[in-house]
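You will see two complexes here that share chain A, one where it goes with chain B and one where it goes with chain C.
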Partner chain A sequence: VYHVFESVAKKYDVMNDSMSLGVHRVWKDILMHKMNPFPGTLLLDVAGGTGDIAFRFINYVRSVRERQLQQKLKHHQNLSWQEISESYQEDKSKSLGDSQVVVCDINKEMLKVGKQKAQHLGYSEGLSWVLGNAEELPFDDDKFDVYTIAFGIRNVTRIDLALEEAYRVLKPGGRFLCLEFSHVSNPVLSRLYDLYSFQVIPVLGEVIAGDWKSYQYLVESIRRFPPQEEFKAMIEDAGFFKVDYQNLNSGIVAIHSGFKL
Partner chain B sequence: MLRRAARAGVPLLRGGLGSPGTCPFPGPAGPVLLPLLPAGRACPSRAEPRARPGHGGGEEEEEEAEGRYGPYPGHIATSPLQKALLAAGSAVMALCDPYRHDMVAVLGETTGCFALPNLRDKMKHHPEGYRILQERPRIRLSTLDMARLRGLPDGTLGREYVRFLEDNKVSPDTRMPPKFVDDEELAYVIQRYREVHDLMHTLLGMPTNMLGEVVVKWFEAVQTGLPMCVLGAAFGPVRLSARKLRVLATDLVPWAIRSGRNASCILNVYYEQRWEQPVESLREEIGIFPPPAIRV
Partner chain C sequence: AVARCQLSPPWRALQASAVLRRVSDEQKKEPLASSSQQQFDSHPADHQPEQEPQGPRPSYTGQGGQESEDYESEEQLQHRILTAALEFVPEHGWTAEAIAEGAKTLGLSVAAAGMFHSDGSELILHFVSQCNTKLSELLEQEQKLVQLGEAEKKPTDQFLRDAVEARLRMLIPYIEKWPQALSILLLPHNIPSSLNLLTSMIDDIWHYAGDQSTDFNWYTRRAVLTGVYNTTELVMIQDSSPDFEDTWRFLENRVADAMNMGNTANQVQSTGEAVVQGLMGAAVTVSS
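Presenting the complex of A and B:
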């Protein structure tokens, strides 16, 4: 799996846009809305490679923070100018409000591309990049408020271990969120989806990235992944409560969510 | 559906019935001996791969030990739809990014379904060509004795070929192996065509700059009829300056076409046995007219 992503890293984002016709952006936005983080949240994004989830998190928290500040200003109407400007400065230094996101990926190339993107897009604070394996995370217990893994868990060899690690590093009350390709139950859509996956996607891989086989692997790994209910059971086995899933696009993609209590 | 899948080796997954079967394998850094789906192999049920994810590595080794499936190593099975998509996509990509030589190669493979059998038949009906098809010589740095070729007198094919490689800083090893040609003899034919391309440059006296490449493409288009050559010849000039276009149109292309028509099939020459032959004599034998005295 490592080698697949080594060759795939540079063209990852271009391929994602071409294969999903840009829809993957919508899926990730929905994930972020579901998470609904507030300033001060500590997020661990596993298999987060090129940083899509991390950047969205920062944007979301920033906008929530701005709204918070605006609300605060409204209540400050009786204060003197001196006091207002002081509180302004204090808040400005915390534009993210102590939120932080740690991006963890097993692949150096993906992290490299992510860091370059961050620099290019101007994200500097609140981001950390860590090399690590989802089956054995280099973090202490009970550290994070939210754990996300977007389109990464199907590439993990031992999914159960990854889920156990997720449980371990989350704080009590923490949330597990997984965005992943899943199973389409609608037979008509399923046929079309299969046709598209097996006929078009490897061709796109060959033409855009010069790599047929990695994308054939991708399509096959999607088929191998457990369907919604079975994955839900696996998450429950790891110790999570209130496990639920939400199908997007009739099951092409699903968001599974669970809480550590 | 099954027959078609078995022929193309395409995954049996249509309408969500079976599972694709084989386990994941790493992306290739070099030539890969594992085709995607061995044609005769049964696809395991959907439950199996999930239940034993750890067996991925084991199955892979077993496949490699058993030898290659498919017509030749590196073959990727494709359905007609995929070939059509590949042809269109590679054509667009080759135009957009001329440095994507792999796209030119893919275009040649996916569109050569009529020209390649034609070439193969031409080779079969010619004594030298037939021998080439039997013996399957490959032009590679490992098979060429560069020192010996360099030592040959000036004007001989071997000496001029080595000079061409060194002047233009190219190597015969950079030719892509075929992936999408389904017949292994035709795959050899296209491989031979690619490897002989540099010799064409030598015989035509054309360097590897854009202008030289276009001239060689015109020659090859007339000779082989490969759609990729025709497209390359037609669209290649798009990126040339006006002055070069004029030279191309007035002198080089007419000469290339005349030579291409007059010459016998270039794939029917056993070049490896003719290193000592002077280039001029070989040109005459094949039927290539002397190149115009223009600085390309």
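Presenting the complex of A and C:
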């Protein structure tokens, strides 16, 4: 797994765009919307190498915070100039409202690409990059509000261990969110999807990234991943409650959600 | 694992419908704690998949009663969060933010608000259900006093006025954000539940008012009282008089009108039937 991603790291984003025809952005946006994070949330994004989820989180939280501040200002109509200037100072230093995201990945190359992207796009505060293994996270218990893993869990050898670790590091009331390729129930769509996956994607892999094998691996790992209900049962086994899933594009991708209660 | 997979879907659906039913039935039943405990004890083979005895949660065994301090069903926890969230409503409105703040006060992560719909529907329904329960208890107590001979039985119009006023007064702490709540309750996905809660509340009031009718009067009375309640509620949300005296005066007039309606039997009969047909049709369409 490590070597696959080493070679894939630099072209990861480009490949994502071309394989999914840009739709992966929509999927990730939907994930963020479902999470609906409030300022002050501590997010752990596992296998989040190039930072897609992390950046979206920061944008979301920033805009929520702006709206909050606007609401507050609306209520404070009769402030003295002193009070107004004080509140501006406070707000400037808290544009994220203490929200933080820790990006954890097993692969150094992916993290490197992520850090470069962050610098390039101008994301500085609220971001941390940590090297770590999803089956054995380098964090204490009960630390995070939300744990996400987007298109990463199918690459984990022991999924049950990763789920248990997720449970461990989440605070009580914390949420587990997983965005992953899943099983298409519609037979017509399923045939088309198979055709696309096995014929088109490895070719794109060769053309764009010069790497047929890794993308062949990708498609096969998607097929090996358990279907929605089975994965839901695995999440429940790890101790999560209110486990549910939402199919996107009739099952090509599914978002599973569970709570540590 | 295979057995669990097969059990999951029907139990999820059952659980989901049970929550909704419980929300509306709350006023009739004992507090949720005892009812779900009873369910757990009497149906050990049927409990929901995620509460089966598993490694990390040894307290989730069949002896639910003994472990009552550790054991709390999802619904109970959700109700606790929603109740805690109510105090943040005046500041944040009926929103997921209020729910997040409520979860924080219980020591949970703000992400727990993700368990609920992001438009705050469950919070509002929870509140309405709580108010209805409080009203029932109030009317029950009054009835006891009358039965014990410690209070006079009120004439119907006075009784209705007092019941509606008592119920509407529960809105006062949240009155500023109540229009928002009303509009959310009218959303299509909320209408079955909100209609359910409304009709059971009106039912309750008539029950305690001593309504024994078994003919079409039953429908007329409910339709009329629903109309009185709804219109008074609307007047209340834009009433700025001290202690809402304009609202109570409006209520008095409407109840008086309702009483007078009984005198023109024929008119009432045809109006009543038309209204009833409309309500029943709406209820059937919406519930099916």
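Please note the rule applied: the second predicted complex is superposed on the first by the 261 of 261 C-alpha atoms of A that agree within 3 Å, B and C clash if a C-alpha of one lies under 4 Å from a C-alpha of the other, contacts with A are read in each partner's own complex, and residues count from 1 in each chain.
To be clear about the criterion, a contact is a pair of C-beta atoms (placed from the backbone, for glycine too) under 8 Å apart; a residue touches a chain by one contact, two chains touch by 3 or more.
Treat the numbers as computed from the prediction; the structure is a model and nothing was measured.
Taken together through their common chain A, the two structures put chain B and chain C side by side without a clash.
With both structures placed on the common chain, the touch criterion links A:239 to chain C but leaves chain B unconnected.
Aligning the two complexes via chain A yields an angle of 150° at the C-alpha centre of chain A, spanning the centres of chain B and chain C, rounded to a multiple of 10. In the superposition on chain A, A:37 contacts chain C only, with no contact to chain B.
By the touch criterion defined above, A:190 reaches chain B but does not reach chain C.
By the touch criterion stated above, A:139 is placed in contact with neither chain B nor chain C. By the document's definition of touching, of the two partners only chain B reaches A:207; chain C does not. Put simply, more of the residues of chain A are touched by B, taking chain B and chain C as the two choices.
Shared-chain residue A:175: touches chain C; no touch with chain B. This overlay, made by fitting chain A, leaves chain B and chain C with a least C-alpha separation of 13 Å.
For chain A in complex with chain B, the residues that touch the partner chain are 1-4, 6-8, 157-159, 184, 187, 190-191, 194-195, 198-200, 202-204, 206-208, 210-214, 216-217, 219-221, 223-226.
Remark: chain A residues 34-38, 40-41, 145-146, 167, 170-175, 229-230, 232-233, 236-237, 239-243, 257, 259, 261 touch chain C in the complex. Across the complex, chain A is touched by residues 1, 4-5, 8-9, 49-50, 54, 56-57, 74, 77, 96-97, 100, 103, 106-115, 118 of chain C.
Within the complex formed with chain A, the chain B residues making contact are 10-11, 13-16, 19-20, 22, 24-29, 32, 36, 46, 49-50, 53-54, 56, 76, 79, 81-82, 85-86, 89-90, 92-93, 100, 102-103, 106, 179.
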